[in-house]
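Labels A, B, C, D, E and F are assigned to the chains in the order they are written; within every chain, residues are numbered from 1.
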Amino acid sequence: MNLVELKRITIISEALLEERLLADIRRLGARGYTVTEVRGEGSRGVRASEWEGNNIKIETIVAPEIALTILAWLSERYFVSYAVIAYQETVEVVRGEKYV
Amino acid sequence: MNLVELKRITIISEALLEERLLADIRRLGARGYTVTEVRGEGSRGVRASEWEGNNIKIETIVAPEIALTILAWLSERYFVSYAVIAYQETVEVVRGEKYV
Amino acid sequence: MNLVELKRITIISEALLEERLLADIRRLGARGYTVTEVRGEGSRGVRASEWEGNNIKIETIVAPEIALTILAWLSERYFVSYAVIAYQETVEVVRGEKYV
Amino acid sequence: MQSWDLVRANLTSPMVLAFVMGLLATWLRSDLRLPAELYTVLSFYLLFSLGLKGGEELVHTPFLMVWKPALATLGLGVTVPLLAYFLLRRLGKQSVTDAAAIAAHYGSVSVVTFSAAQTMLTMGGFKPEGFLPALVALLEAPAIIVALGLARLRTGRANGEGVREALRDLLTGKSIFALVGGLLIGVICGPEGVKPVTVFFFDPFKGALTLFLLELGMVTARRLRDLRSASRFLWIYAILGPILHGSVGVLLGTSVGLSVGGSAVLGSMAASASYIAAPAAVRVALPDANPGYYLGMSLGITFPFNLTLGIPLYAALSLYLHGGHG
Amino acid sequence: MQSWDLVRANLTSPMVLAFVMGLLATWLRSDLRLPAELYTVLSFYLLFSLGLKGGEELVHTPFLMVWKPALATLGLGVTVPLLAYFLLRRLGKQSVTDAAAIAAHYGSVSVVTFSAAQTMLTMGGFKPEGFLPALVALLEAPAIIVALGLARLRTGRANGEGVREALRDLLTGKSIFALVGGLLIGVICGPEGVKPVTVFFFDPFKGALTLFLLELGMVTARRLRDLRSASRFLWIYAILGPILHGSVGVLLGTSVGLSVGGSAVLGSMAASASYIAAPAAVRVALPDANPGYYLGMSLGITFPFNLTLGIPLYAALSLYLHGGHG
Amino acid sequence: MQSWDLVRANLTSPMVLAFVMGLLATWLRSDLRLPAELYTVLSFYLLFSLGLKGGEELVHTPFLMVWKPALATLGLGVTVPLLAYFLLRRLGKQSVTDAAAIAAHYGSVSVVTFSAAQTMLTMGGFKPEGFLPALVALLEAPAIIVALGLARLRTGRANGEGVREALRDLLTGKSIFALVGGLLIGVICGPEGVKPVTVFFFDPFKGALTLFLLELGMVTARRLRDLRSASRFLWIYAILGPILHGSVGVLLGTSVGLSVGGSAVLGSMAASASYIAAPAAVRVALPDANPGYYLGMSLGITFPFNLTLGIPLYAALSLYLHGGHG
């Protein structure tokens, strides 16, 4: 078994942005992603849906360079107007080659 | 884009404690949180709800000092009587200033 | 309060495998686990359920040696035929002794 | 014999059979699952519908008919937990916290047992009084308050903060809220106002209860496992306790003038153990009590016992006390 | 007086009371929760059933009867957002983006307000024309398009890409899709074809609406908080706006020959503010507009106002304009 | 011509149109979504209700009338997968695992196709025998067992452990469990006992089926994409296969004395391909078979084909074999 060090990006955002965010991360090089329905509160707390706190969490495992590209894009494109938070971590992935 | 190193705390507990836990972490300095509905089993496995395994996962991103305060409080206040587990990790957050 | 460094394994797989995977990780030494319903897409994308993208995420906190055993077993047993991804991270767990 | 007929009718009703099917689904490890969301929706639906029906009937019930049964119900809510606590401490040698926790459950009421009793008695030809759902609302909270108070008196453990929180949560708790909300709407709207929504809230009630019992069967089967470590006394109390409390309920009901059906249903209420409101309150106020005991007993043993044999038993007793006739 | 009767009948209907119960559940911090999935299912059910019923009735409505009300509806969809935008800018001193965002909501339509109006008028003896759901489908989109267009004209901020995306999403949006899908199926199947499914889609409608309003009450209470930072003008507009738009709607409906009930429902549609289609479109096309304002106003104030006092008001006006008789 | 009438009636039924609406929702990229929980609840509801109805009718069906059709059904469960496997291997040049996997699906049965067939035949005036749901329960498992056995014989790949697990899961699988559970409850309660729950389980059935088909339409549209990489033979088999298997079913049904409706429904059952039980079993026992093929074929092509053209075709054949009359 080989473990490869990769980055896991986590994006938490209002549910409305899901399709857009997925399209963006795919375009920027992600080969897969996982979405979880979550709810939460933050500093802004605005949400354009009847259901307050109805968020999604997107996780994607990518190579470190791609991680930086994605985070930079998110920061520039979404952070001003939307309720979005994003961070990265290092993970050791089984058969990690296939995600690069 | 600037990435800031912060701590992400994860708390998994029986669903009943949600409101209390959120009030506590807010009081101790967290500026936001994200909740996911999960299910699980552990060493004790007791649960005071018809639906066994009906847990919640609370994630909050905070400064390292606050992380320690929160973990200490949880350990003292909840670990004896309730089904709770908690851990922290280091994450690199986009525009991390706003969570501190 | 004492924090213990342990490994958190995350497994994302088609929902069909849940029972099997849980039985396996328990047999290999995990003392608890948490399951989240998620959805996602990957490189293969095949899924033997009407509901495409209906996945589960299993998280388990274990000692480092056990983490390696589990990851090796997953890699050998499931990676060829099923839609599975797995990775590990280091986490600092409150009262971590009880998970070892 | 009439009470055997009731048992048989009971055991071959879709409701009880659906419950058994749920048990089997878990025991045979079927992958049949009904979503937790359905459980939430159905339990709200049942409570709200019950309240609505009760409220609508309460409108044209003279107050004189209601006040005695209401007092009797409050009496049950105080007596039963004291009785249970006493027996669990003396005969059962349980700790204060566990005894109080279990007493809270047996003093309070299970709405599904109530619904099943009401449905079965009606189907058996002994229609209970229409205002009974209002009594359910009265029976839910007092026992929990009494039991938590007891625990607080005897130990310092049920700490003030926890008890206060638990009580506040209790009175706005989802089951009381749904039931009382329905009741008030029923009272305000009256039979005429409620008519447009009867197709939705009244007609499918028995079917919805059947589906709910199926799901509850699956939940119950899983809960039974928690009793592994319980003493034999607790197993026994989970069956003899209900018979005792139920008999007190039937007696009291009969003595305040309720009909055969009404007394049997009041008995079933007294016999039943809460598994929604009480566990939530107890978990908060008495965190050291073992949930495996109180939930395992009330959901794993007492509920199925009442559903199958208990209700016909209380009906037979009520029939006997009323001189053998409806 | 007849309109007071309407108000009273309205305020004591299970629908309105369920909404109030939902508000209270949140305000009293009850732990009563209904799953978001129920909300999704019920809102689809209501829209689809409405469409189906409307489609079935449209089949035997002569085209001559429909075209004028249809034009009037389109007229409302263009006039109301322009009017609202103008007032919000001039009198309200709102920014271009906020004014356009709010105008989009008030120009569009709330399907639940529509359903409530239709149900209440029918129960009050003024059955509206059967084809009105088709008009709802016509009223949903135009105002949003007009308002986004306005914002684009006045600033560069509603950038082309966003607006285009929002419009594409709008026309295949879930509420239009469900309503128009139901309409088409109703038209194709006709009354005979639809008959086997009426037990499911028509009979429980009012009950399902009641349950939905209960859930919406909980959502509304949470939304009201978002208005804390809004100027007083917005609070006022959230009540006077609907009265103004509603009156225009009743007038227009009467003038194109709709019945008392039909005109009152068209008025309620005009008075209502969208909280499903509009927020989604506006969030995408005008991300800088404050959702706290547009959602807080439409869901937190205007919706409850219309549900309780607005609908009887438009009904009274319609009755007056029709010479006081049905 | 009578069979054209059936096709037309079929294509303009709310059920088929709702399915088409679901397809369109996905193809037009609407954001209409119905929660997966609804899908779970509805599929349980349909299976359980079918079983209950079948059980209730089975009570007063003489055993003599049932045993021949039951044997015929078991015969279909063995013959169809063998036939399908043979054709897929010889003409289709498929791998052993893929051929066995697909054969398992076509040999088993789709309960929704069955329900649709039963509903449509009843609406067309050819009420099928009431005990048919019992046959559905008989047809579900055997084909899967036969196909997995075949794969095990021909390769070592379907390893013993996997096959054994798959079989155990199969017999307690959710669809068999729900259907057989309903059947048994129906048999035990009988028509009288079931009566209180008919409002819930029988009356809304067609409407619930319509809603389920809408949701299934959305799922189907997504599944079709998986067939991109499939050979042309598989596309063709997904249409000609059902016609072949369906004809065998109609013939067999007619020869064992089923009515026009009954034979047509048995034909539809034979023609249908499982997409709940079979995929779960096959995925576990034959992990190397391509789910894109077996699910894409059964859900993406065969199901819509049967729903629209297949059922009328088998009905026409049945009518012809019965001498043109009901």
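Everything that follows uses one rule, which is that contacts are C-beta pairs under 8 Å (C-beta built on N, C-alpha and C of every residue); 3 or more make two chains touch, one makes a residue touch a chain.
Here is each chain with its UniProt name: A, B, C = Nitrogen regulatory protein PII; D, E, F = Sodium-dependent bicarbonate transport family permease.
Here the structure is a predicted model, which means the values were calculated and not measured.
Q: By that same contact rule, can you tell me which chains touch chain C and chain E alike?
A: A, F
Q: Going by average Cα coordinates, which chain is farthest removed from chain A?
A: Of all the other chains, the one whose centre lies farthest from chain A is D.
Q: Return the chain whose centre of C-alpha atoms lies at maximal distance from the corresponding centre of chain C.
A: The chain farthest from chain C, judged by C-alpha centres, is E.
Q: Please tell me the distance, in whole Å, between the geometric centres of chain A and chain B computed from their C-alpha atoms.
A: Computed from C-alpha means, the inter-chain centre distance equals 20 Å.
Q: In angstrom, rounded to a whole number, how far apart do the mean CA points of chain E and chain F lie?
A: Result: the chain centres lie 42 Å from each other.
Q: At least two partner chains per residue is the criterion; list those residues in chain C.
A: 36, 89
Q: Which positions in chain F touch two or more other chains at once?
A: 35, 37, 280
Q: Run through the chains and report each pair that touches.
A: After working through each pair, the chains in contact turn out to be A-B, A-C, A-E, B-C, B-D, C-F, D-E, D-F, E-F.
Q: What does chain A use to touch chain E in their complex?
A: Spelled out, the residues of chain A in touch with chain E are 14, 16, 46-52, 54, 81-82.
Q: What residues of chain A sit close enough to touch chain B in their complex?
A: For chain A paired with chain B, touching residues are 10, 12, 36-43, 55, 57, 68, 71-72, 74-76, 79, 85-89.
Q: Show me the residue ranges of chain E that touch chain F in the complex, using the header's touch definition.
A: Result: residues 35, 37, 40-41, 44-45, 52, 169, 172-174, 177-178, 181, 184-185, 188-189, 193-194, 196-201, 280 of chain E touch chain F.
Q: Would you tell me which residues of chain D are touching chain F in their complex?
A: Against chain F, the touching part of chain D is residues 12-14, 17-18, 21, 24-25, 28-35, 37-38, 119, 123, 203-204, 206-208, 210-211.
Q: Please output the residues of chain D touching chain B within their complex, sorted ascending.
A: Within the complex, chain D contacts chain B at residues 36, 39, 216, 219, 222-223, 226, 275-276, 279-280, 282-284, 287-288, 290-292, 295, 299.
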